[in-house]
Structures are given as structure tokens and as C-alpha cells.
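Paired with chain B in one complex and with chain C in the other, chain A is shared by the two complexes that follow.
Up next is the complex of A and B:
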């Protein structure tokens, strides 16, 4: 076990080094997209933890991301807090929100939970208009500042975003991976498998579920703060219902129980608008087709994945290989 | 006068939410799926209704057109999507969330396709009667002939639906399949077709809700309009308040929700448009997690 852990750590560090060199070789747009991918990886891993492991559905993670983003922006503007502290506050604020939501969620199951979180995703961002400190429809500026001069003159703003986001993604993936293989992760899987049996073996169901929601929300809050960093502002329109749906799509595409697959979902989510653009240009369609094609593709992909690769491509591949092996032996 | 206005607005909006909740309940009873695409299907049927109104000029022809269109779409969705879903994804860690994800995907597909076909233009449906309020003793109410008509139509539809459920063989088959698919099948009911029928009825009810929601609002129709987000959330919340399993519960849930939203907007703040339903939902679920008319045991679906 110990050996495996240090091997994983090495892999994560190696991944970081590769990303570092890659970011120097591609143009600005790709660097920006890289930052978006990193943000999505974090957000998707929070859904995988919650839905894939603890078996709870949340359609409201967009709203929890908004909580994190607003907390970070307010801390930045009102307290002039350093960036790292802003992100920590984002995690904390969203985790508190998640704990409250989790307390409600522990009493609900299946469609009741899905609908409650759906109502939250629609309702919460509009609440920002009620408080002047949150800047209403225009939102707040969230400026993490210029990259430090010691990184050189050539170092662009987007590259700085990418670095922050990629580092955060590596750290949070590492954290989630460890949480999932800890006793909490096993507890969640036990509950997902059979709630009654889990309860009989002495697991406090409600507490474990609330814990899963809290941790997942904290991670989502971090993703929200990073997302608003790349946009530069925090406003209700940055966290539409479509965002919550995209995250779920990303998680399903990744394989709802495959943390390592989070990258697949994130890349697809970032690539889809571009693919849609290319397709729309090729067939030379009107503007209203072009603007709606990405949404159409995301949703169609979501349906197809659930129908034909319900456990995700990685898991599917693994299952097929296992079947083949059984067949041969 | 404010009080009376608020009450009447709440009842009218509530009756539309009731219809939407009924369609959620019908789907839930027939396939144990909460259809998050119900509002999307209602949107699509309302566009069918719009095409009929512009071509044929009459709201009263457009309404049945929308209903039949909605019923057909819903039946197709059940026959293709839901049957495939049951076949492919009813085991493993995805089983619990697969129907939710699939219907959400459907919602997205419908939203995007309607925007591609009808988006970006001013689409209006003119109601059959005026939406200007009645005047009593010199004061003008918000309550209008149109709102009265909506209330009456919803009432008539509910009566027909309850007669179908209580007095006909089809209603019996629907109830039996919801109660226990196995036993229904053993007594010779074609459960698969009854399920499709349940979806079709739900599609028709949703179509009426969509048409009325549009004319009761400002008459314009758009895939991204607030009216349809509200229909999506309220239909679900009303159904959950009522307990998801009960048609009476859906009606009462819708009315309670409509009234509560109306009073909150009037007496507390009009900015609470979307957060009010959420708070109401949480309150109900904290007191009774299975809804007011729900079965005793918590559902695990």
C-alpha cells in the first residue's frame, strides 16, 4: 500500500512537470482552454465523489460553485485577502453550504434529492441580486493579479491562470483519490451498495452522507472560484443551470465511478463548443443553429452515454477485457 | 383588494402548476421515472400549438393539436428512450441516476432543437379571450376572463381524468400497472402499452399547461423564457409536495405552491421569484420527506 501511494505521488508530480512544459509550447487560446479543462476536472471529481461513491445525485453543483466564487470575490474585494486565502475561503464557504444542503439531502433519496438540488441550481444564483454586496446582475470583479515578475516578462496572464488551475487540479485530484481510498470512501461505497447492510455494520448513514456532501461541495467551491478567476468576474449568469448539467454530463462521460476518467469528461466539455463551431461552419448554417449546437451535442452525448456506455468508457473497456480473459481461460 | 388579487393570481398559476404536476405524477406512476424533460416536452407541444394557431387562427383548434402532439412525443420518448434505458442501465452504480440523467439530457436536446427551429423570432400566442381584468365597483381586478377560462378548463380536464381513472377499464389498467406491474401482467394487462399510454396522457396534460402558461404570461414563447423554467421547477415541486404518487396530491400541491408563491411575491419581495419555491419545497420535505400524500415508506428509486 505504501509503495503504491508513493508511486501515485510520483505520477502526479510527473504530470505536473509535463503540464509545465506543455504550457510553454502552445498558443494563448490553448492555454486558456487548458485552464478550463483543469477547472472542469476539479468540478467533475466533486461529482464523482458524491454521485459515483456516496450514491447521491446533485444537480445543484453549479450553485455550490457560485457560492465558492462569490465567497472568494468578496474576500478579495472587502478584505484584500491574498489569492491562496481567497481560494481557501471559497472551499470553506461552499463546504458550509454543502453541509446544510447535505443535512437536507440525508433525508431524501433519488428523484426527491435530484429535484431539490435542481431547484437550488435555478434559485440560488438569482439570490445574488438581493444583496448589494454581491453586485447584482453585473456581479463582482475577481482579479487574482498579475503573475509575479520573477516568472519572466514573457509570462502571460492566461498562463498564470493555467498554472494556478492546474496546480489546484493536481492537488484536489490527489486529495480526492486519497479520501476515496480511505475508510470514508469505503463507507460511502458500502452505503451505495446496500444502505440497510451498511447501517447494520455500524455505519452512521446520515453522518456519512452529510460528510460526502460537505467535501464534494468544498471541492466544487474551489472549482467555482477558479472558474471566475479565468473569466475575471463573478455574476449570476456565469452559473446557469446548463453548468450543473454539463458537470453531470462530464461525470457520466468520465465514468461515474472512475476518478481517473475525470480528464476525459473535462476535455470533451471544453472541446464540444469548438467541434460544434467547426461542424456549423462546415454545413454553413444560420446563427441560431450555431449558438445551440453545443447544447444539443452535450445533451445528445449525455443520453447516448447513459444508454450505451452507462458505466463510462474506462469501466466498459475494463469489463470487456475481463470478459475476454474469462473466455480464454 | 390586494389580498383578493393575490389570491386569484395564485389560484390561476397554481392550477397550471397542478396540470404540470399531474403529468409528472402520471409518468412516475407508470414507469417510476421522474421526468425532468416534462417542461421541455410541454415547450415543444406549445410550439406545435403556436404553429396551429398561426395556420388555423383558432386557439380552440390549437389546444387539441398541442395535446395530440404532446401525447405523441411523450409516447415516442417512452417507447424509445425509456425502454432502452430499462434494458441497458438498470444495474450497477449508475442505475439510480440513469433515468434522471437521461431525462435531463432529453430536456437539453428539446431546448436546443426548439431554439434551432423557432428561436430568435418573436413567437406569440394570443389567448382566446381577453386578459384584461374584470371591473367591480370601479376597481379593476387582475382576474380576467382568460384566467377564469384557464381555471374552468383545468377543472374540466381534471374531472375527465378522474372519471377515466375511476370508471373505465383503461383507468383500472393504469392503476393496476402502477400498483404492481407483475400482478397486472399476470391478469392479462399489456403493461408495456399501459406505460406508453401513461406517458401519452402526461404529454397531453403538459401541453395544456404549456399553452396556458404562455397565454397567462405575456403571450410570447421562447425556449429560454422564465415561464418555462418556472414550469419545470414548479411542476416538480408541486408533484413532490403532493407525494409524487397521488393525483389528488398533485392538484393540491400545485394550488398550495401557486398561492404561496403569489403571496410571497406580493407581501415579502418580488425578487424571491425562484428562491421561494425552493424554500417551500425544503419546508415540506423537512416535515414530511415523502410529501403530503405520499406512501409511508420513503421511496428509493
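Up next is the complex of A and C:
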């Protein structure tokens, strides 16, 4: 076990080195998209942790991201907190929000839980309009500052965003992976498998569920703060209901129970609009097609995934490999 | 073997070094980004899908219709003007992503008429067109902050600000409804706070002020608002909100037979958008409204005549409304800025042209433009009209009476501005 963990750590560090060199080789647009992918990876992994492992559905992760984003921006503006502290505050604030939500969620399940979190996704972001410290509809600026001069004058803002987001993604993926293979991860899986059986084996269901919600929300909060870093501002309209839905879509595409697949969903979410654009331009179709194609493609992918690879491509591949192995032996 | 590898490494490094030198040694492109010998490329982001797209999604078609007309008539010094449009669904994250694509991938020369305060602000913070030197022409929001040339050095506004509008409404109330009880419905965010600031400057005392949270407007809420206005016995009720708030309010009021003198802000006063929400245009009848550009049904107006002809040919079957007129007007102003930017326009010369000649640009509006070296303020006023039973806004008494003011403490004055004649065929000269 110990050996496996250090191997994982090495893998993550290696991943970081690859990303570091990659960021120097592509143009600014790709670097920006890379930063967006990193943000989505974090957000999707928070959903995978919650839904895939603890079996609780959330349609409101966009709202938890908003909590983190606003906390970070307010800390930055009101307290002039250093950027790393802003992210820590984002995690903490969203985790507290998640704990509160989790306490309610532990009593609910299935459609009731989905409904509760959905209401949160709709209602929470517009709360910002009620408090002037949150900047209303036009939102607050969230400025992480320029990259340090020691990185050179050519070092762009987006590359700086990418570095921060990619580092955060690597660290949080590593953390989530470790949590999932810990006692808590096993507890969650037991609950997801069969609540009664889990309770009989001495697991405190409510406490475990709340803990899952808290951790998941904290990670979502980090994703929210990073998202607002990439767009320089925090505003209610940056966290629409559609964001919560597309995160869930991303998680399903990734394979809801495979953390390693988070990358797939994140890439799809960022790449689809561009692919749709290219397709629409190639066939030279009307504006109506161009504007509706991304939504259509994502929905089609979602339906196809649910129909043909319900556990996600990674899990499917693993299952096929295992089957082959069994067959051969 | 080892020596071999090292030699290989040296060769490869040398080749890479030589290549990168060669790449950097290529002389900088003479022409500006987005400007070739045949084409000038502009980019636009706005909501084309989703609830916020209602009405606004006609703007790209309108702007493109004008540019096609311009291109068919020789373009700008022989260059065609093309417009790349991207859907941002009214989400700042999307607006930033799409603007990045426009600037970094499509390599547009300038951005035209991006829409929404939060979106324009996010783009300014993240994409930072100012640092990249990319002009952001004629933003589609009435938020007064974007006219701050120090904070947004490459951004130009066009719509009169919400503050200007509230000040002018205030003046109109003073002139026409002295002693009457006035009520105000406003959106409880910066849109509304801009309005409140304007009314305060104008010295309007409200009998009742009813705020609503964005997204909460609907028939049920409207019934509640009406109770408050009735309780305060308001004679005049100003609806300073979005179209959905206006239509909810007027729809419910018509059912309840509640009929004070309505006064509608320009944001929520577009009849076609209100009709799209399912409320009959008749509810608008006799309401007072404000607009900087001529009535869209005024076929005696040379701009409205030409623009509606161009639009009818380019987008058959679509109604010529305020969004269309404003979209075409911005395209027409952009064409003049490009023409004034010289034989080989650059981003810099484009902005310099607006700074020095912008206030004289021909356009359909009946109020003056405020551009100068130190100001990025666009239109500076409104005319006052009344809605017909079919929901068309036309000037009270048949002739346009315009007011002009600023976003600060300046007075509201009846404008003496006379719009210059339209350049021949509506092409920049």
C-alpha cells in the first residue's frame, strides 16, 4: 500500500513536469483552455467523490463553486489576503456551506436530494444581488495579480493562471485519490452499496454522508475560486444552473465512479464548443445551427454514454481488460 | 553510443536554435491583426441562445446585414468587413472564452458591441483588451463605468447611461407631472442603483419605491408590486427594469384594471421583446417611453427607411425593431471609424479616429455623441414618446423633443442638436 502511494505521488509529480513543459509549447488560447480544463477537472472530481463514491446526487455544485469564488474575491478585496490564502478561504467557506447542506442532505435521498440541491443552484448565486459587498449583478473583480517578474517578461497572464490551476488540480486529484482509498472512501462505498448493511457493520451513515458533502463542497469551492481567477471577476451569472448541469454531464462522461476519468469530462466540456464551431464552419450552415450545435453535441454524448458505456469509458475499458484476462487464464 | 547520442543532441539543439532564430527573424507583419488587403475582421460576443437572448439575438443579423450592404458597395477602401459572431449565453465565463477565441484564434481587429455589464467587465479583467491594444467598440450596456477612458482605455460606449436616462426621466416628470405622486419599480442591483443615482441627482421624490431581485419578476410578483403602488396612490409609475418585468407588470395591471400613467425605461421598453414574452402590445398603449434613435416605424426618417430596406432584404420576415436599428447603427458607426482610420487602418489609428472624429460620426440617433480624446461616452440623451395601441413608440405631439445630459451632476437640457444629413446611400464618406 505504501509503495503504491509513493508511486502515485511520483506519477502526479511527473504529470506536473509534463504540463510545465507543455504550457511553454502551445499558444495562448490553448494555455487558457488548459486552465479551464484544470478547473473543470477539480469540479468534476468533487462530483465524482460525492456521487460516484458516497452515492449522493448534487445538482447544485455550481452554487458551491459560487460560494468559494465569492469567499476568495471578498478575502482578496476586503482583506488584501495573499492569493494562496484566498484559495484556502474559498475551500473553507464552501466546505462550511457543504456541511450545512450535507446536514440537510443526509436526511434526503434520490429525487428529494436532487430537488434540494437544484433549488440551491437556482437561488444562491442571485443572493449576491442583496448584499452590496458582493457587488451585485456586475460582480466583483478577482485579481490574482501579475505573474512574478522572475518568470520573465514574456510570461503571460494566462500561463500564470494555467500554472496555478494545473497545480491546484494535481494537488486536489492526489488528495481526493488518497481520501478515496482511505477508511472514509471505503465507508462511502459501503453506504453507496447498501445503506442498511453499512449501518449494521457499525458505520454512522449520517456522519459519513455529511463528511462526503463537506469535502466535496470544499473542492468545488476551490474550483469556483479558480474559475473566477480565469475570468477575472465573480458575478452571479458566472454560476448559472447550466454550469451545475454541465459538471454533472462531465462527471457522467468521465465515468461517475472513476476519478481517473475526470480529465475526459473536462476536456469534452472545453472542446465541444470549439469542435461544434469547426463543424458548423465546415458545413457552412446557418447561425441557428451553429449556436445550437454545442448543446446538441453534449446532450447526444451524454445519451450515448448512458446507453452504451454507463460506467464511463475508463471503467468500461478496465472491465473489458479484466474479462479478457479472466477468459485467458 | 553515448558519444553518438550527445552528437545527435547537439545537432538537434542547433537545428532548433536555428529554426527559432529564423522564425523570430521574419519581419513583423506590416498590416494590422485582422486587416488583410481584402478584409477587415471584427468579432462579437452576445447571447444567441438561452433566456437572455430574447430580442438581442437579432443584433448580429442586423449588423451583418449592414456590412453586407457596405461590402456590396465597395467596402472600406476595397476591403470587405466581416463579422465573426460567438454565442456567450450571457455567461461571463463563456464571454471570456469566446472573446479569447476571437482575439487569439480568429484574430479579429476589434470587438464590436459585446453585450452585458458583467460580461464586458469579465472580459476587461481577464482577456484585458486594453493591454492587448484591442479596441472594444460600442459596448451594448448602459452601465456608465465603461465610459471611463482611464480604466477601460480601449472601450467605447454607445448607449446613453442608465444615470442619464433616470435624470432625463426626472426632468420630464418635473416639467409635466409636478405635484403628482410618483412610484418607481427598479431592479435591485447596479442597474437599479445607477437609476436611483440618476433620480437623486434629478431631485425626484418618490411616493413609493419597489425593488425586485433579478429573476424574481413574474405575474405573482407583479400583483404584489401593484398592491404597493395602489397603497401609495401613485399617479405615475416608472418601470425601470428589464423587459420581462415590464411585461409581467403591464400584463397583470391590465387584468386588474390598474392604470396609472406608465413610464418605461428603454431597457424594458422594447415592444417586440415584450410581445415575445406573450403579452399583447396593447398593454403598452399610452405609456411614456424613451429612445435615443428614431421611432422604428418612422419611415420618413432617412436612416430608418434605408436600414429597414437593407434588413428586409437580408433577413426576410424578421421585424425591424429597436435591437435591429441599434445593431445596424453600431455597424454603421464602426464602418465610419474604419474609414476614418486611414488607408491602412490599425487598431491604434481606429481608436485615434474615434477620439478625434467620433463626435461627428453620422448616425441615426437624434442626440449628440460625446467622444473626445478624454471621453469614451457615446450617445448623451433621449427623446420622449408615447406608445401606440400596436406598441410603437412615437414622439409626443409628432415631433421629436430631445433632452441631453451627462452621467455626473450636469443639468438636463432640451437639446438643440440637429442631426446632420445621412451620407449618400448610408455609406461612410
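Keep in mind that, in the parts below, the second predicted complex is superposed on the first by the 327 of 329 C-alpha atoms of A that agree within 3 Å, B and C clash if a C-alpha of one lies under 4 Å from a C-alpha of the other, contacts with A are read in each partner's own complex, and residues count from 1 in each chain.
As a working rule, a contact is a pair of C-beta atoms (placed from the backbone, for glycine too) under 8 Å apart; a residue touches a chain by one contact, two chains touch by 3 or more.
Worth saying up front: this structure is predicted, and the values here are computed from it rather than measured.
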- Putting chain B and chain C onto chain A via the overlay, clash or fit? clash
- Task: Check whether A:138 is in contact with chain B, with chain C, with both or with neither, and answer first, second, both or neither.
- Result: second
- Based on the superposed arrangement, let me know which partner A:313 touches: chain B (first), chain C (second), both, or neither? neither
- Query: Does the superposition put A:295 against chain B (first), chain C (second), both, or neither?
  - Reply: both
- Task: Would you sort A:29 into first (chain B), second (chain C), both or neither based on which partner it touches?
- Result: second
- Message: After the superposition on A, what does A:16 contact: first (chain B), second (chain C), both or neither?
- Response: neither
- Check the residue A:238 against both partner chains and state whether it touches chain B (first), chain C (second), both, or neither. second
- Message: For A:126 in the superposed arrangement: first (chain B), second (chain C), both or neither?
- Response: both
- Message: By residue count, which of the two partners contacts chain A more extensively, chain B or chain C?
- Response: B
- Item | Partner chain(s) touched by A:256 [first = chain B, second = chain C, both, neither] | first
- Note on the structure: Footprint intersection on chain A (chain B / chain C) at 126, 129-130, 242, 287, 291-292, 295
- Query: Inside the complex, what are the residues of chain A that reach chain C?
  - Reply: 27-29, 32-33, 36, 126, 129-130, 135-139, 141-143, 157, 227, 230-233, 235-238, 240, 242-243, 273-274, 277, 287, 290-292, 295
- Query: Where on chain C is chain A touching in the complex?
  - Reply: 48-50, 60-61, 85-87, 89-93, 96-97, 100-101, 104-105, 116-119, 121-122, 124-126, 128, 143, 187-191, 193, 213-215
- How about chain A: which of its residues touch chain B in the complex? 51-52, 55, 57, 59, 104, 107-112, 114-116, 118-120, 122-124, 126-127, 129-130, 192, 195, 241-242, 245, 248-249, 252, 256-257, 287-289, 291-293, 295-296, 298-303, 306-308, 310-311
- Would you tell me which residues of chain B are touching chain A in their complex? 28, 34, 36, 81, 84-85, 88-89, 92-94, 96-98, 100-102, 104-109, 111-113, 115-116, 119-120, 229, 232-233, 236-237, 240, 244, 269, 271-275, 277-278, 281-282, 285-286, 289, 298-301
